[in-house]
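Each chain carries a letter (A, B and C) given by its place in the written order, and its residues are counted from 1.
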């Protein structure tokens, strides 16, 4: 088991956005997190990645409680997240955006003695090759197409050599073809590196096609969990998605 | 005991003036989202204008100050409309740095205008005889005018609270502060709201400046102190909050008065300590929201 | 594209060499007032570049840098006058004191963003000014400290010039080095997008704080050097006017180029000397007007403006070149 969430809670005002969620992931498993809009999926991810502080509960990652740590501390534990709404460096080049992640991951953040220049060039180019952005290396991130931005976002998350990758709608806003391409790429890379992946996705063809297990959130509560077949036949899930 | 009481009144008088300046600034800040460095300069301008009106226009008679107290805020408000229309309107929504530059430039320009218009010598506005005496409360002699200043400020506070919560102008202002784009879509004349808010801010600075002329001399070196103080008040109180400005003004006014008693010249340092403490405790000020 | 880069680099190198030669040879050609003016430019330029580490690279608008400059200035003046310490040690003390205050102020300020940061640094800058202004026994209050003695070897104007030039050039070199290191680049990333930078494992506030301390170290040194030039210290040099002046230098010259602030500082000093020689005391009015005009017309600064023009030229050249 790589991560174990126990009794995680978060309220905004009176609304319980995440209500007593228990969830655990096996090493190198690929898990989908689904649920209707407002189910608390993004909030849940933000709690894991440190963007929000949980009200109570524990997040045990490799035998260590990481609940309530800052985003940069959680990143250093090698839990990396992509963003639902793209959040890149519009004015920096693709190369530099990825390079920064490498610099940070290898503890060169405080290096006052060597120029960044082409530091980690091989690693960056290798990764850009994998996400098919090599020929865009010197382009400013802001000038990329939406699909390329999504791949860059992924590359930045992968640069730090994550153990657990949280993908918040990594294919949203893409055309169906592009979305399929990006998702296939993610799964290929995850398998290659034996990553543990947890992804939020609305497109059920991806969810049922790619995930090994599926967890369903509704109104902040975890209401079902199982392999795709079980979820497909789960009465509660049907009711939530299809109405009474 | 008497000293304490006197200092309380002194502190409240200071707080009243501070509130008048800070309330205008916090409105401009909260609604227009403009960092107006020149607000303190407008306050000093009001003092000079009061001087000119009461000594020049009305010949320094016993009631001249009261005419000036009515005219100065109106003139300042009109002047504010002009500044807003021709300068500030160009920088809404721009980077903070651009706003800082422009309004800071105005500080310099005003500074030279005072010097050109009124010279380098400090100016004294003749003291008014009406309300100019003193009265005794609990065997302590207190200048009547101080009480008048406190009364004025309290009245302005009540009036502002009513304007913001009850009138349509107040509602529009709050709406514009919240979401300008939506207001434009809904047909609110946002430009008029901005102009109105800025004019109101200048009007308040006008009242504050006019009243302050009775409490001390007018001189060139004032604007830096009052500008920075006004910003401290706005930040301590929370941007856009009238209540915050009032509480912060009282806090700072009292700190300054008591600080002067115990630490003499270094009383000023206490104000900064208060500010730092408040900001460490609540980074967005006493009544502020993290949004801005 | 590559060829353009190369030619740009070559132009830059040529410009740099020419400037260095010019700076080395000037004392042969000018002296007195003009040499004094040149030294002022060098010191303000150095000060502006140190501020720009925080502003242009760190994205923090510091409106209180004159405070740290002032600490360096007063400590240098005081130590030169009352202690027999060797000059390098005095300058080092001045810089370290600047950095120490920077550490305290920075610690309290870096968590704040944008204008909160600007106002809070302004308030602290004014606090330093207020202490200097009121602490008559130590600082001489409004009268300042005058008649600061210089060490024997600096009594000659030309030597002083080279001394100041050498220190400033060396320190500007260090800052240039810093902005190009991993640290500097990560700092620039925090300015670009601090939320994302937190999410690649960077404690943004700590990066900001370190940058602030480095910057205030050099600000203190700049103040110390100015003391050597003026042989006096006055509270005017610590007030927010000075903070505004150096901030304007950065913006006027362009915050997003390394040497932009230096260009801005040169323009400011030359303009001030020009204006004051014709209209004696109308400088504040002119300065204020410059602020307003820059804010309305060229918020990206002179060098930023030139760069934009050049890029547009290059783009059109490329287009016409592509269709022979």
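Quick note on the criterion: a contact is a pair of C-beta atoms (placed from the backbone, for glycine too) under 8 Å apart; a residue touches a chain by one contact, two chains touch by 3 or more.
Just so it is clear, the structure is predicted and the values come from calculations on it, not from any experiment.
> With centres defined from CA atoms, tell me which chain sits nearest the overall protein centre.
C
> Could you find the chain whose CA centre sits the greatest distance from that of chain C?
A
> State, to the nearest whole Å, the distance from the C-alpha centre of chain B to the C-alpha centre of chain C.
33
> Starting from the mean Cα coordinates of chain A and chain B, work out the distance between those two points in Å.
Computed value for the inter-centroid distance: 50 Å.
> Measuring from the mean C-alpha position of chain A to the mean C-alpha position of chain C, what distance in angstrom results?
42
> Residue numbers of chain C touching chain A in their complex, please.
My answer: residues 177-178, 180-186, 189, 192-193, 195-204, 207, 210.
> If we count contacts the way the header does, which residues on chain C are in touch with chain B in the complex?
Of all residues in chain C, those touching chain B are 61, 63, 108, 111-112, 114-116, 118-120, 122-124, 126-127, 130-131, 134, 239-241, 244, 247-248, 251, 282, 284-285, 287-292, 294-296, 299.
> What part of chain A is in contact with chain C in the complex they form?
So the residues of chain A touching chain C come out as 49, 51, 70-72, 75-76, 80-81, 83, 87-92, 96, 100-101, 103-105, 108-117, 119, 156, 159-160.
> Mind pulling up the chain B residues that touch chain C in the complex?
Answer in residue numbers: 35, 87, 90-91, 94-102, 104-113, 224, 228, 231-232, 235, 265-266, 268-269, 272, 275-276, 279-280, 283.
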